[in-house]
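Note that the chains are named A, B, C, D, E and F in the order they appear, and that numbering of residues resets to 1 at the start of each chain.
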Amino acid sequence: MARPVTLFTGQWADLPLASLAAKACDWGFDGLELACWGDHFEVDRVLADPSHRVEKLALLERHGLGCWALGGHLVGQAICDRIDRRHQATLPPEVWGDGDPRGVQERAAERMKDTARAAAACGIAQVNGFVGSPIWHLLYSFPPNDFDVIERAYEDVAARLAPILDVFEQEGVRFALEVHPTEIAYDFVTTRKLLDAIGSRESFGINLDPSHFAHQFLDPAAFAIEFADRIQHVHMKDSKKRLDGRRGILGSHLPFGDRDRGWDFVSPGHGDVDFDEFIRALNRIGYDGPLSIEWEDSGMDREWGAPDALAFVRRLDFPASAQAFDQPMKRREP
Amino acid sequence: MARPVTLFTGQWADLPLASLAAKACDWGFDGLELACWGDHFEVDRVLADPSHRVEKLALLERHGLGCWALGGHLVGQAICDRIDRRHQATLPPEVWGDGDPRGVQERAAERMKDTARAAAACGIAQVNGFVGSPIWHLLYSFPPNDFDVIERAYEDVAARLAPILDVFEQEGVRFALEVHPTEIAYDFVTTRKLLDAIGSRESFGINLDPSHFAHQFLDPAAFAIEFADRIQHVHMKDSKKRLDGRRGILGSHLPFGDRDRGWDFVSPGHGDVDFDEFIRALNRIGYDGPLSIEWEDSGMDREWGAPDALAFVRRLDFPASAQAFDQPMKRREP
Amino acid sequence: MARPVTLFTGQWADLPLASLAAKACDWGFDGLELACWGDHFEVDRVLADPSHRVEKLALLERHGLGCWALGGHLVGQAICDRIDRRHQATLPPEVWGDGDPRGVQERAAERMKDTARAAAACGIAQVNGFVGSPIWHLLYSFPPNDFDVIERAYEDVAARLAPILDVFEQEGVRFALEVHPTEIAYDFVTTRKLLDAIGSRESFGINLDPSHFAHQFLDPAAFAIEFADRIQHVHMKDSKKRLDGRRGILGSHLPFGDRDRGWDFVSPGHGDVDFDEFIRALNRIGYDGPLSIEWEDSGMDREWGAPDALAFVRRLDFPASAQAFDQPMKRREP
Amino acid sequence: MARPVTLFTGQWADLPLASLAAKACDWGFDGLELACWGDHFEVDRVLADPSHRVEKLALLERHGLGCWALGGHLVGQAICDRIDRRHQATLPPEVWGDGDPRGVQERAAERMKDTARAAAACGIAQVNGFVGSPIWHLLYSFPPNDFDVIERAYEDVAARLAPILDVFEQEGVRFALEVHPTEIAYDFVTTRKLLDAIGSRESFGINLDPSHFAHQFLDPAAFAIEFADRIQHVHMKDSKKRLDGRRGILGSHLPFGDRDRGWDFVSPGHGDVDFDEFIRALNRIGYDGPLSIEWEDSGMDREWGAPDALAFVRRLDFPASAQAFDQPMKRREP
Amino acid sequence: MARPVTLFTGQWADLPLASLAAKACDWGFDGLELACWGDHFEVDRVLADPSHRVEKLALLERHGLGCWALGGHLVGQAICDRIDRRHQATLPPEVWGDGDPRGVQERAAERMKDTARAAAACGIAQVNGFVGSPIWHLLYSFPPNDFDVIERAYEDVAARLAPILDVFEQEGVRFALEVHPTEIAYDFVTTRKLLDAIGSRESFGINLDPSHFAHQFLDPAAFAIEFADRIQHVHMKDSKKRLDGRRGILGSHLPFGDRDRGWDFVSPGHGDVDFDEFIRALNRIGYDGPLSIEWEDSGMDREWGAPDALAFVRRLDFPASAQAFDQPMKRREP
Amino acid sequence: MARPVTLFTGQWADLPLASLAAKACDWGFDGLELACWGDHFEVDRVLADPSHRVEKLALLERHGLGCWALGGHLVGQAICDRIDRRHQATLPPEVWGDGDPRGVQERAAERMKDTARAAAACGIAQVNGFVGSPIWHLLYSFPPNDFDVIERAYEDVAARLAPILDVFEQEGVRFALEVHPTEIAYDFVTTRKLLDAIGSRESFGINLDPSHFAHQFLDPAAFAIEFADRIQHVHMKDSKKRLDGRRGILGSHLPFGDRDRGWDFVSPGHGDVDFDEFIRALNRIGYDGPLSIEWEDSGMDREWGAPDALAFVRRLDFPASAQAFDQPMKRREP
């Protein structure tokens, strides 16, 4: 039984959901991971208006599309981030409000609780997203960091998430942090620290996107094995390094897609991720949720890319073995 | 004629200069690049007290040590940085003052001007250092950057540096920015942008430290060629990547020397820098200034390391060729 | 003319041949390489019962499946191996008998002769298999080997094979040793030694399986060229190394498929074998026999994998060129 | 809108065009790049006989094949080459004439002018080809080169091409040199020198074939970016290195396809060219001309290879993106 | 304080100790790791004859050589190995006896207990050595292993070692197993299993020789970190892979030094071991025992090699850092 | 017994031999390989004037320098080369004469015979050199080569060398061709062909210079093994590849030392040659002649480089082992 393949809608939010759903249906996707921006999944309307909710779900159903998860990345980012003007561009006006950092963070936290409620109301048991980081700007320790500040940040994030996770647990919904630069957890070490700080809350897990590992020279298959019990959801995205001694791994403060960057996101199968190993790891840990294509490739038309990515993932998604291959060489009762 | 080999004193500022100078003399260094912290080079005392100045220079002379450059990294960092508590630990109290960011930046700028004056007073024509960056926290574009902000930052830094460079030029002293993460210029792309913003001021150049290039997968020899006319000073430091799929290139917010980091600084010759190529590039561009060992290695005793590094650099520093090797095969007048 | 693609049945011997043949037919295989275990090819019944033989061949024919070769690996292994309890599990009870090593070896040799007779009776001209090794346990020379013992082992194996090959030659059937660890011949050096010991017997050749070369860092295409006149049959199997400094190339005495192994067998096209080069080598030496998929992949469901492997091999199997590509640029009679 | 995929006919000139056109049509090509040898595009007949011209074009049209370019490689090579017996085999008898080098070069230059005229007469605006090199034999500087001779050769070639390009410009046809060993321009350095010598003639550009870059360890995608405004036409061909310490990169004076060569041409997708990067570069520079498969693979049957290459190129040719993928995350009016 | 550098005498046992000690003294070694074969350390004579013991220690003292450890590899190997004729060549006649395997194993175990007693009598607190393996011949699982047999082997070895370790603990001597192919523990996985089986006996640890890791593609520095509390002693030896597609990693049953082997032992610094990383790891875990050069290089004269290796190790052995290098940049009381 | 280390004087021919000999003596060389140009070894004067010969040898003796070989590269190159203006610059006027190619070749051949006679007169038994190539310009087969021409060239060269080798054999002197691009033999394949054409003349062998192999991706140690019985003399020179996707392996028709070249010659130990493997190969084949440093490095001052190279070679030149390292573990009479 192959896993469902879904399309994350966040990079298509300039299109009305109705129009995107029609495309996704034509391309053959099994479902959508709805972004909580554009008109794709409007948390406040879903909570306020039961008929809106019914219509939304009917729209998906009409196109034969399931929904296994929501993407609450933009609001989530504001919960623990140091707030600046960039957040204004990505937050709903009522969450941004007057832009006072503490207030923005609090309203973002409340909106994330509402996201859990809205998900539950629609029968969706999974929300993926970001939570930001109070210490991202301390990435490189110069001026020298006070590393107590670093350690306390994990505690601080855990404290801010605790009441949000309470709501998720009440609603029977899970929250998966996408491990990603600019988040408090972006690699093995930082993920371990965050999980230690949060403790064993069953609502909290990881949305594993291998594209964020490849450019850090990290092995996403090994990550899946190491954090097996926390992998709640999986993104299928790829990235490619182009290191020639003049393009740096840190990105040169250039926009994605600039020809002078040392790495970029690319459509799955066009980059450095070893997806064969990645599927083997997912099989090994028994992950049977969706493979959700988050389509980001600055050098490819997205309407060409989405079905190309879908075909790639379908070909790739082989099931695990139930038996050792050398077992049939042995007689039953020696 | 080999280049002078100096020791940058910044990592030894816990020792009084008198004590460090004696060691450097014993080890066989040609001189010191004096850090403007600890008691090594106290800008305000040098300016205020001519006899202090005389004593300082006499101290060096007694140990047979020259001084080709000062290191003004810590104060410089505060000029364009977003100020936080880390700067308090690295700035003189009178520069930190009440810690109000704008004031700190202004006092740091003034102190840098004084550094030029103090250098001139001592007959030292070169100050190396940092200038910080108002956009380091925007390294990874999420939430998505407004790239106009990025572009304007280079203009902003140039504007802040202009009056400082005026003083340098009046004093006949040059300022070399060390290209380095957390600075506005840390790779090929960002250095090009900064130089374009500053324009052709002869006082402004680069302190080239290859250790900052190796972990970014950048080629410091190619950088020397590309920015040949701006290379004012050279640090000899090394770094080593240890990428095994679990240790990331971004550093995991861990202190230098932690075993789980994906890269670290190491004593010259113990890491990834191709120093043979680096010397060839320096020869090609005609750099004849000091090779200044900035000794940083979390896994090696510094008193073992400094003379080891000196011996390494001495062996390495070969002169350029004055003649094509196949010229002697041709007769004079065919 | 593409080569026939067959499925080696050894890893499917838990299924009755009738059931496997139906599957293979559905998947589109051209034929089966029948294993001499399970009910796939029972040497004693074939020899004893002509009607059984007729039925077996009819079964294949009904499914449109050819048979170009038998796989006599398990019995063959016992001919020259040091016998232990593992052989009991893989040998027919009447070959194992009382388990006395010398007797087991002799009965295995007799059974291999019968395999040739049974093959001939069915019109099958090729038997592939193993012969074991009396010196595998001396792989690493500690305690230091007496290398005369090693040299004599090749003579000894040749002597044991000689009467068997006599029967093969009488029957007009060829025997191909699969070059493989645990065999007397497992790489270039050992294959050369074995062939030198056996001399030029036309019945004896090699079953070339590239998966056994990749994890030894050997080039199977170069092997095909070097031993061109001995390549009687080809397996299509793949292996993949996963060396991260903690997983060793020697396998750690772990079962295939364990996550801590440094290499594993995988479905063709999912591993390290350069199959493009491999096909070019087969074209160069004029090999036109079957490409027999021996399907072993501990991380993939075999019923997903077999047709995936078949499709991979079909795409791959391009014919050689009959003409230099730059010939058409020359006029006929200059 | 995908680019047209054409087949270069030069390696099929032993077949009459009528027969090749039928094959190309069956395989699904969009058109042919007609070689000016065999009966594919006979410059003199096209100029002399309008009805021949009409028939030729009708033949293509009947098979639904377009023609975007001619291939004038063989005659072009003689324009600046040092002439030897090899040219006799590849030139029409009337161009070779008595074989006197100067005369051959002049007649080749005239024939190239006629090629422009014939192309124009057929409504074809692009001629690709070679121009040879007077200094190829000086590739390795021993006996030591007089490098003034090298520099003058670029001027000399430019001078010889000038009157030819005059005709091309009169006819509204462009000439694209295929950057290639044995040509005056075969890599970044030599192409830059040639372009500098020729100056800004809009008729003169480059036919970019990545297979000639891979075996030189050159990056064809970077070449496309660097010479973006000169890329007039693109060949799709591949090459593969097989370097094992015994096979050299210089080719050992062996024919293509010999097993002891260190590299060889192979069908697209079977070699070292990173075609994904290559298409991204073509997208970036806005190249929208044909992707012309020049099929050369000494180890593959060409009738198997041509459709395989076509399918590979079709799968590969994705369009560029019109929008940043993170744009939909931002609200319209923040 | 640098570590003592010793020479393991096992490969010099053809020389009388008196002669070897004179050489080692001349070369500048700090001491010898005495092999328990040849006349270097004769366990039975040491126990039987106190005056012999006194003379032996006096001999070392006369040459200024310390002794931190004995090497009991040859007798140890027989404790758990499957006994064959090779053991006869490496065991004392009285341990070999009639060669009956069970008896040989028991006598070897008794001799190892005596080795502890003899060491204690001489004031030597460390014995290094091998213990053999009952399952080495099962390295490659064909015929398919019964993996219960594998698991039980670790228990079996632990049981055989327990009474030996009792004696070691009574005598206050430690036993360090050299992790090595042909031993029960030869990599990360197998060492972990053995340690789990033995449990926390403080007398039992590891003699870490990085040369056995390099050819297995294992990281000896990571091993030192992982098994930090068990590293009792360190060998300095190197190995080099020579993999060209024709020489295999498994060794081809060829003697060390044969030109067709895929790897070989070489003098320290001439191979693949990253000794810089290795010393950093030893520093990190606080290992301060001897660095014992086990000199094995089939391609180098041993009398040239031993002092070359000593010089290499002396240059390499740098002490750890006591302080963070960026600490001196911070003011004491911010 | 270490091999003598000599300096090839060809790149120093602008200095009088008297001056160079003094330097070489100071640096510590054991001898000189005298170039037959400049005033280093003037063949005609040596033959004409016995007192000149006596003086020359006395000069060497005064500086404690031996002479094991002459370098006749420049004249040798003209024997089989296609003659052009470059030869005029490197040949003595009387050999160049009127520059008519056939005459130049013949006079070069005669001069080479005289070189043998002059060597013999001085008691020097070895002449190294080049012989040129009639087919170097056919390196890349376009226009397509007639490969009969290639094959015949080896015969032609052999025929031209035969009478020269007759003289060498009469004089008891050997001639070693330096395998090198622009020579008829420059890699494994072409050397084999040349040796086959020449047949078993004991006077003819190889001067092995590993620097010419590294940039061709060839293994000079494997070459030494393969052509063991022909290695008469060894040069110590190094080369380094600098391939970044923009600098090509073919050299771009740029002078050595240009920054845009893809490879260059460098002082021994500064490049890609694995000299450890190379010495092992020389030890294995029993080569005990000189290691002659041919010093060519466009980026290093030659007076710094020559003693650096000498020190490198002295450190490197270890003797072979006379004994297996595991022999001392075995008792004498088991």
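Definition applied: a contact is a pair of C-beta atoms (placed from the backbone, for glycine too) under 8 Å apart; a residue touches a chain by one contact, two chains touch by 3 or more.
Treat the numbers as computed from the prediction; the structure is a model and nothing was measured.
Enquirer: State which chains count as neighbours of subunit A and simultaneously of subunit D.
Expert: B, C, E, F
Enquirer: Once the contact rule is applied, which chains count as partners of both subunit B and subunit D?
Expert: Chains that touch both subunit B and subunit D, as defined above, are A, C, E, F.
Enquirer: Let me check something: if the centre of a chain is the mean of its CA atoms, which chain is farthest from subunit D?
Expert: The most remote chain is E.
Enquirer: Quick check on subunit B against subunit F: do more than half of the interface residue numbers occur in both copies, making it same, or fewer, making it different?
Expert: different
Enquirer: Taking contacts as defined above, which has more of them, B-C or A-C?
Expert: A-C
Enquirer: Going by average Cα coordinates, which chain is farthest removed from subunit B?
Expert: Using the mean of the C-alpha atoms as each chain's centre, the farthest one from subunit B is C.
Enquirer: Just curious, how far off is subunit E from subunit B if you go by their C-alpha centres, in Å?
Expert: It comes to 46 Å between the two C-alpha centres.
Enquirer: Distance from the CA centroid of subunit D to that of subunit F, rounded to the nearest Å?
Expert: 40
Enquirer: Taking each chain's centre as the mean of its CA atoms, how far is subunit A from subunit E in angstrom?
Expert: Each chain's C-alpha centroid was found; their separation is 49 Å.
Enquirer: Give me the residue numbers in subunit E that touch at least two other chains, ranges are fine.
Expert: In subunit E, 74, 89-90, 141-144, 219, 222, 244-245, 255-256, 326-327, 329-330 touch at least two other chains.
Enquirer: Over in the complex, which subunit C residues touch subunit F? Could you list them?
Expert: 141-144, 326-327, 329-330
Enquirer: What part of subunit F is in contact with subunit E in the complex they form?
Expert: 219, 222, 225, 276-277, 280, 283-284, 318-331, 334
Enquirer: Which positions of subunit A touch subunit D when the two form their complex?
Expert: 10-14, 37-38, 74, 88-90, 92-93, 242, 244, 255-257, 259, 265-266, 270, 295-302, 304-305, 308
Enquirer: In their complex, what parts of subunit D are in touch with subunit E?
Expert: 244-245
Enquirer: Could you please specify the touching residues of subunit E with respect to subunit C in the complex?
Expert: Within the complex, subunit E touches subunit C at residues 74, 77, 81-82, 85-87, 89-90, 135-147, 149-150, 180-182, 186-190, 216-219, 222, 243, 245-256, 260, 262.
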